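Shared between the two complexes below is subunit A, which pairs with subunit B and subunit C, respectively.
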Partner chain A sequence: MDIEGQLENLSDGTIVLLESQAENSMNASYAALDSLINKQGKIGIIITANRPYANLMSVYQQKGIDVNKILFIDCISKSQGLELGEGGNVLFLDSAEDLTKIALSIDGSISRIQANKFVMVDSLTTLLIHNPPQMLARFMHGVLTKMRMGNTSGVILSIDKQTDNEVRAEVAQLCDRVVKL
Partner chain B sequence: MAQQKTVSENKKIEEKKEESPMFDLGSLASTLQKELKVGRGDQTQSSISEEEFESRYFRTLIPGFDKLLKHGIPKGSNILLAGSTGAGKTIFALQLLMNHAKQGKKCLFISFEESKEKLITHMKDFGWGPESAIKSGNLKIKRYLTSDIYYKEERESDGVQAMMAKNSDHLMLDLEPFVIGDDGYKPDITVIDSLTAVASTFEGKEKSYRFYLERLFRFFENLGGTTFLITEPIDSPISAYYTGTEKYLSDGIIEFYNAKRRNIRESAIEVLKMRGEKHEKKIVAMNIGDEGIVVHPNQEVFSEIES
Partner chain C sequence: MEKKESKKSQSIDEALTNAKNADKKGYIIMRELPTDEYFEETSNAIKKLTEQGYEGVYLSFQRPFSNISDSFQNQGIDMDKMLVIDAASALCCAEDKKGSDPHCVPIEKKTNVDELVKAIYSSLPKLHGKKHFVFIDSLTTITLYKPLSETIRFSDFLVKTVRRSDDAEVTLIFNVSKDLSQKDFIRDVAFKVDEVVEA
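Let's look at the complex of A and B:
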């Protein structure tokens, strides 16, 4: 299925659960970012539990994504003891297990960015490695509600058939659309 | 037709692109990183006038905390700061004392645990600069040893009622001259750290401790200031916190939680009880950062909190 076709008419505040095969997951995120940032001009808040900020910056730049329009919430670099560096559009959090701080960061970002914006969670499957399903479902419920209140669009990335059924069902029912790639 | 639609959609996209101004996301990232440590500095929105507020209530001035209360902590209350070791009770107490000492209020910290020097070091580490408040006399720290409040066996033989009638308890004798002072010093805010240490001197004398507590609460009530009493749940029959005496006697209870989940620890806080004041009934996130405690009044915690 053509992801750009699925995302190009995304009205403000629409939230999509984007399910892909593991081998296509990076392509799915590139396509989503290309559509939302480069084509629609939105500002992105990316919660990354998969790849560290430095790595994402590099690959996104190679793919021609305007990284100046992305605020990264990096939940992995600190816990892996990676060099954090100074400055940049990034918040380093202690761990992907620290759901409270992730939620606070998303909330703070949504309320401060007054432009058209979206939140991308990369990924639900990885957050499940670090958090119990029920707790993650509660977290996602809170985050998606805050996104709704802030009329913020969203893309929740998930690996098809690798995500806990309960969490998947909870998130899917809160999303406006489920797209399988 | 299809081409026309595409052109129209492209136009819409172009319009949307123009709606998104460039944002200094680097600066936002740095602001958010700081906010996780020091809070947003929001103030409580009270529905009463500032004059009425001043006469009836008291703000802790701890970032985020006062939003858990409709107005504030009623003045003259005895408030328990309850929670396990390391949950942030002492820091909370020191921080609120510093906030008020800087505003010219008379603040007293009575420690049965840490030394005065250690407490001052903690405050310095948080960058609160306690020196001037101490020098001006607005902040006083007094350390007692638990042996200062020993309970003589012969007095117990008089019976608890007789002891109460005598009004000659050692802690009262020691506290009064210090708390009130020859110079007329009378604290607006007093902290006792901790009732748990006081209770330890009454091991095996639960009834005596209960009466002792009643007198202690009455003593502070009569002083007219607001008192914060730190307490920890301990696995002992003397632990009045769990037997309910402290809970019953206090006007308010602020509970501190320190939850561990896998590799992380989360702090949380709750206003469990506040006589004469409406308050939020939820456990919310709290952070002990480089500059002290920050409460996030709208953020639930995701670790399982056991109370």
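Let's look at the complex of A and C:
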């Protein structure tokens, strides 16, 4: 079954670990966003440690993703000294290492958005570059627990076989489904 | 002295039959679950236990009470047959909206190992029937928040208490992901249990 098919019939509040090869990771995120935003009408909160906000806005628009339904939590632009750009749908955080601030931003965004929503983490593999495995696993446990309390759906992106085995195992067992692209 | 390996079986059904036939009141099982179907395997085991007349205490390190309760009810599991200790919410200092449900055992935020053990053993007398279970949903998740020494103390204390139990029949079940089952402390626990189930 293709990725759209795997994400199509998931009930609200379902959390998926979406694993792909590095070269397919953008396709995985497009497919997930197309399904969740364009087809299911959900609002997305995207935590990006991979690509800056400006770049994501541009590529998502080219792919026909409705970016008005996305709130970006950008953990990379500031730390890389990039031009922050303007937009009412972005929070720029200092770095991908500040897991406490990322968690608080996710909590705040989840409680502010009343509509049917999901959180996408892009990606587990990149967050591991910036954080010790044990701390990242604990952060993910906290975030996923709070998402479950609010019945918020989730997609955790990860690069197949390039994510620390123990972190991958801890996170995968917290998810409802593991989808490999 | 060489450690003797625990008995191995392939399914929870087989392990529960062995528990029934064992000439002791406390029986301890460790289940090594496929990581990618972890919660599904967990729900299946709870369904079997409750359908076989067990009542029990479910210690949840992985999910908050509201999610456990909704998921189990969707699976047709009778929540009246269990009490859930919501350690997941407590460990990350959050408050579950269904925390006051009578099936949820409240514990303090940032709870410690002694409180968890106390919550389990003060819940057991509230159960009906003669066959009881204590179900630990993940032995590794607690190590994200507590030192390894505390996790080992927690599992040792539970094992010893169940072995000494002279109340109803108690089956203690530890779940662990297959991908994490080779960790040293998990191997140590595996030597202390009566049976390891490779699901």
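In this section, the second predicted complex is superposed on the first by the 178 of 181 C-alpha atoms of A that agree within 3 Å, B and C clash if a C-alpha of one lies under 4 Å from a C-alpha of the other, contacts with A are read in each partner's own complex, and residues count from 1 in each chain.
Criterion: a residue touches a chain if its C-beta (ideal position, glycine included) is under 8 Å from a C-beta of that chain, and two chains touch if they have at least 3 such contacts.
Not measured: the values here are computed from a predicted model.
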{"item": "First, second, both or neither for A:N165, with subunit B first and subunit C second", "value": "second"}
{"item": "Which of subunit B and subunit C A:V90 touches, first, second, both or neither", "value": "first"}
{"item": "First, second, both or neither for A:L56, with subunit B first and subunit C second", "value": "neither"}
{"item": "Touch count on subunit A, higher of subunit B and subunit C", "value": "B"}
{"item": "Which of subunit B and subunit C A:G142 touches, first, second, both or neither", "value": "both"}
{"item": "Partner chain in contact with A:A32 - subunit B first, subunit C second, else both or neither", "value": "neither"}
{"item": "Touching partner for A:V178 - first (subunit B), second (subunit C), both, neither", "value": "second"}
{"item": "Which superposed partner A:Q40 touches (first subunit B, second subunit C, both, neither)", "value": "first"}
{"item": "First, second, both or neither for A:G13, with subunit B first and subunit C second", "value": "second"}
{"item": "Common interface residues of subunit A - those touching subunit B in one complex and subunit C in the other", "value": "138, 142"}
{"item": "Contacting residues of subunit B [partner subunit A, same complex]", "value": "9, 13, 16-23, 25-26, 28-33, 35-36, 40, 261-264, 266, 285, 296, 298-304"}
{"item": "List of subunit A residues in touch with subunit C within their complex", "value": "13, 134, 137-138, 141-142, 145-146, 148-149, 165-166, 168-170, 172-174, 176, 178"}
{"item": "Subunit C to subunit A touching residues, read off their complex", "value": "33, 35-36, 38-39, 62-64, 66-67, 88-89, 91-92, 94, 96-97, 138, 140-141, 144-145, 177, 179-180"}
{"item": "Parts of subunit A lying in touch with subunit B, wherever the complex brings them together", "value": "8-9, 39-43, 68-72, 79, 87-92, 94-95, 97-101, 103-105, 107-109, 112-113, 115-117, 130-131, 135, 138-139, 142"}
